[in-house]
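Please go over the structures that come below.
In what follows, subunit A forms one complex with subunit B and a second complex with subunit C.
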Partner chain A sequence: MSLDREEVIKIAKLANLRLTDEEIDKYSGDLNAILGYVEQLQELDTTGVEPMIGAINHNKELREDKAVDSGLQAKMLANAPDSEGTAIKVPQMS
Partner chain B sequence: MATETKQEYNITIGLEVHAQLKTKSKLFCSCSTEFGKEPNANTCPVCMGYPGVLPVLNKQAVAYAITAGLALGCKIDLNSRFDRKQYFYPDLPKGYQISQFDNPICNHGKLSIGNKEVRILRIHMEEDAGKLVHAGAERLHGSDHSLVDLNRASTPLIEIVSEPDINSAEEAVTYVKELRKVLLYTEVCDGNMQEGSLRCDVNISLNKTGQPLGTRAEIKNVNSFRSISRAIEYEYKRQSQILDEGGKIVQETRLFEEGTGKTHSMRSKEEAHDYRYFPEPDLLPVTIEQKQVDDARQGLPELPQQKKTRYIEEFQVNEDTATTITDDLETAHFFEKVLSKGAKANKAANWIIGPIAAYLNENKKSLNETKLSAELLAEMLVLIEKGTISDNIAKNDIINELLENGSPVAKLIEDKGLAQITDTGAIEAIVQEVIDTNPKQVEQFKSGNDKIKGFFVGQVMKKTQGKAPPSLVNQLLGKLLK
Partner chain C sequence: MNGSRSADLINSLAYDKIISMSELTNKTALQLNSIFLNKEASAQQITEAFLQRIEQYDKTINAFISVNGELALKRAQELDQKLAAGESLGKLAGVPIGIKDLINLEGSETTAGSRMLNGYTSSFNATITQKVIDAGAIPLGKLNLDEFAMGSSNETSAYGNCKNPWDPNKVPGGSSGGSAAAIAAKMVPLAFGTDTGGSIRQPAAYCGITGLKPTYGRVSRYGIVAFASSLDQAGPMTQDVESNALLLEAMSGHDAKDSTSLENPVPNYLAAIEQGFKKTQSLKGLKIGIAQDFFVPELNSEVKAAVENAITKYKELGAEIIDISLNKIKYGLPTYYIIAPSEASSNLSRYDGVRYGLRDMDATSLSDLYPNSRANFGTEVKKRIMLGVYALSSGYYDAYYKKAQQARALIAEDFNIAFQQCDLILSPTAPATAFEIGSKTDDPLEMYLEDIMTVTVNLAGLPGISINCGYDSNNMPIGMQLIAPALEEARIYNAAYAFQSTTDFNKSPDMKSSKAIGV
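After this line comes the complex of A and B, so read on.
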């Protein structure tokens, strides 16, 4: 399996990346190398093996439902490029 | 109504209902879920999507999802998982929404909507997005920026996805109403559609009988019962027109506009359909013990349809009455309490859906905003039953007093002298007096005009201010007019 240029352009667009022609060539090579490596792994027969998503397979430690104020609102708002009142200001969305 | 127009096409509808879970804190952080705070008051680095933070799953949200699933007849998956759904939009600070994709917590349920059962495909947990406010709504097109409020970002939702088993606007509305009732009865969601606690996406396709299902359009932003109905009607017209002209329906997402009642294509999001889901690496799989599911099943309350059936069977109230009372949990609780205080079921039901409902409608109040307690209503109904007061007196002089002031019933009757006259002799004297002072009418009665009897009843009631038991008056008139 390999990715063609068109697919790389589409992925870049979905990821909000603007790439130059040279970069598209470079990333096409990089991505195909990664896919080639994964393809090797796929030669293994994993029939009947449960997919492992993480190192621990249980989730016993959930959070109790208690509301706590972070106290960080003003600091975080100051990090926003622009704001109006306590709202974050962004270019107009249709 | 779509179903009332000439239907050349069959309409097939599937609904995705997003219900906000009634937790105190958000799905993956401890920020409050309180509605109506100033923008970004309920935020922290986790729900703001800061780098290096980790989500921690809210225990209560999982419990609510299980309860909702069981109430809707779903199978609970003891091992479900969260995934990332990736797209860019300013109301989504992380650049992805944490949702459940191919391994949701609940599968394969059902919900009865009267004569039909709608299958539920799945229920999954996910976090909500924030809110975009377009600066100055009146100058929407003139404004050059939007404002982002992330108070709602990461509040817990369940998305309830139905199979395409719905075939009219009416059925769709009934389905959402029934669903909302179940969520309110199980207390997992407050059902407040104005505040966005319950929102709907509607998938609609048309086909002709015998043909395969048509291409569907997904209508977003359908957030009231009226909108559901209008959006479906509009889509029926739009799609049937395209098909009539030999055109093809494009599979797309469309936005419903409340103002115009129309739907329009959301071209800007077309590309975003490729969400590139993958397992959320920041969260462990959701593992649930069978015991938790069993306990939740044990703890399920009586559901709306079970309650309705019980009212019909146990209390012999008719189906419409049972439906009206069970439509609202508060009313159902009130009704049951009135019965437990000794009132008769049918009387209590008729009072609740009759004079009391009329008062609530007129004053735009709910029961708990009045002073009427179940005890007071029961006391009044028992007094009617005993013949101490008449139905009419209760309607005209007592019930509003109870609703507005919660006055003690016995004192009210005494102070206003509302009790029926039980002294037969006293009433007989009044009847005789009425007969004696109206010889002309007596003449008419004797010459065969039976209807004139009503005149005498009226005169007696006038003299007794409605406090003579009508049956006794009739009986005495029959005797004395001979």
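After this line comes the complex of A and C, so read on.
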């Protein structure tokens, strides 16, 4: 499988990235080189192999989904680029 | 407590031996802890000694992104007061530590080596940071890394290259390059690294230090900037094996805030060494597996020779050497370069300029704000996000992500079978020694090959260490890797200690030489 410029632009859009023309060229080349390299996985017979989703099997129960007060609201708001009261402010959607 | 009262308390300590600053920075973490507890030097003197060392050498090395001397000295003063008051102190009391700058330290900036997080101040401590502070360690500052831990040379850091203390024209390795360089240059006796595909072990090898990636789940990931969550693990970086064991014990344990952290009890790793090789002076009964699959054609001949010498040394120490096969590990890198970017593309979607980090303040709509703010990612990070988004996109998921997860299962199975025949696996850590800065930036695959011996350990979730086992003809350090079954870190430490304590391969660079100062 190989990627052309159009596909690179499409992926960038999916990833919420805006690329310059120069970057599009660079990424087309680099991504194709990497995809070519990972292609060797296709020679590995994985018929019937259960995909491994994590490094360790966890059968633990999850903790209760309960809201707790971190006590960090003011500090976290201070990290926001723009805020008003206890809300983070962003430009309107369009 | 006011200033004069605390000064009185410190003056009341009986410091009968005067230890010079350079003597202090030459000590291991374990030694510094006893120097502090025996009142041979105060925590403030120890902290000042390392801060001065940073001042002296970090202009050349650039291991630190930020140093918080004031906060460190305040903590040191508190420890001195506690000691004077006879309070009980933790196992790391009085020992300075450096924090890789993608691990939160309350009140300090966390950059992850990226411009994207510019201005972000940690509002809380990562669990591991809190644990070592509770154990009495003194954080000095935040250490340089490849941007979002994506790189093997520190060259992708937005805060400038960290340099290798053995030769500042060379890379320290990555992504925990700042951590490894700071340890090698004796700017800190302890450091945190993180390892997703080799990011603790490869820089440890390049800087000639000791670095361990623990079993996945041994250490909490809470408060650490996520790269690839099913692979990421923080671990200890130190000059010597014993200090490494001490730090791992302090970092480990279950954390309710990380559901992947393990509930298994944390062993006393130092005691394992005490009761192991220190007592018996032999590794009789230990079976070490050697897989030719690690001795790839790209392996540098001097590295190969040093690792073969280490195998001979282990035989002399009483270990049995067994040939094993790991024929699936050649699929490790392609598997990793699907799984890691896929997880990264999801993890890094949170950097959108809304809640923290840089925002394009001129954007007039949300749909502009996201991509404009994300333009602050560096080239390598954007590339990996793109790769991950592509591998996960509809129509390609089965061919890439699912296939890689199946390959991952086969690689893990390969290790399981091998560990039925042996107790540890020994390999080189990296194919060569540290390379020149700027020499590997054109071909994307060349840099990725740096991780060829380490990634499979992350994929299988196993613990692995890198310790130094020789020097090449340019006097650059050579690392070897020891891999154990899950949760057998104590076994690794005992074997690593046996090698380190009976050989002369754990040296530090002469920072005063013209080579290290970079003239």
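Quick note on the criterion: the second predicted complex is superposed on the first by the 87 of 94 C-alpha atoms of A that agree within 3 Å, B and C clash if a C-alpha of one lies under 4 Å from a C-alpha of the other, contacts with A are read in each partner's own complex, and residues count from 1 in each chain.
Just so it is clear, a residue touches a chain if its C-beta (ideal position, glycine included) is under 8 Å from a C-beta of that chain, and two chains touch if they have at least 3 such contacts.
Quick caveat: nothing in here was measured; it's all calculated off a predicted structure.
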item	value
Touching partner for A:A78 - first (subunit B), second (subunit C), both, neither	second
Residue contacts with subunit A in the superposition, subunit B compared against subunit C	C
First, second, both or neither for A:I56, with subunit B first and subunit C second	both
First (subunit B), second (subunit C), both or neither touched by A:Q92	both
Touching partner for A:K66 - first (subunit B), second (subunit C), both, neither	first
Contacts of A:R18 with subunit B and subunit C, given as first, second, both or neither	second
Shared contact residues on subunit A - subunit B and subunit C	14, 16, 53-54, 56, 58, 60, 62-63, 70, 72, 76, 82, 88, 90-94
Parts of subunit C lying in touch with subunit A, wherever the complex brings them together	119-121, 123-124, 215-217, 230-231, 256, 259-260, 262-263, 328, 331, 333-335, 337-338, 345, 349, 352-359, 361, 363-372, 374-375, 377, 379, 382-383, 385-387, 389-390, 393, 396, 399-400, 402-410, 412, 443-445, 448, 458-461, 486
Interface residues, subunit A side, partner subunit C - complex	1, 3, 7-8, 11-12, 14-19, 23, 26-27, 30-31, 33-35, 37-42, 44, 46, 49-56, 58, 60, 62-63, 70, 72, 75-76, 78-82, 88, 90-94
Parts of subunit B lying in touch with subunit A, wherever the complex brings them together	23-25, 29-34, 38-41, 43-45, 48, 50, 56-62, 81, 86, 88-90, 132-135, 143-150, 268, 271-272, 274, 276, 279, 281, 283-287
Footprint of subunit B on subunit A - complex, ascending	10, 13-14, 16, 53-54, 56-60, 62-70, 72-73, 76-77, 82, 84-94
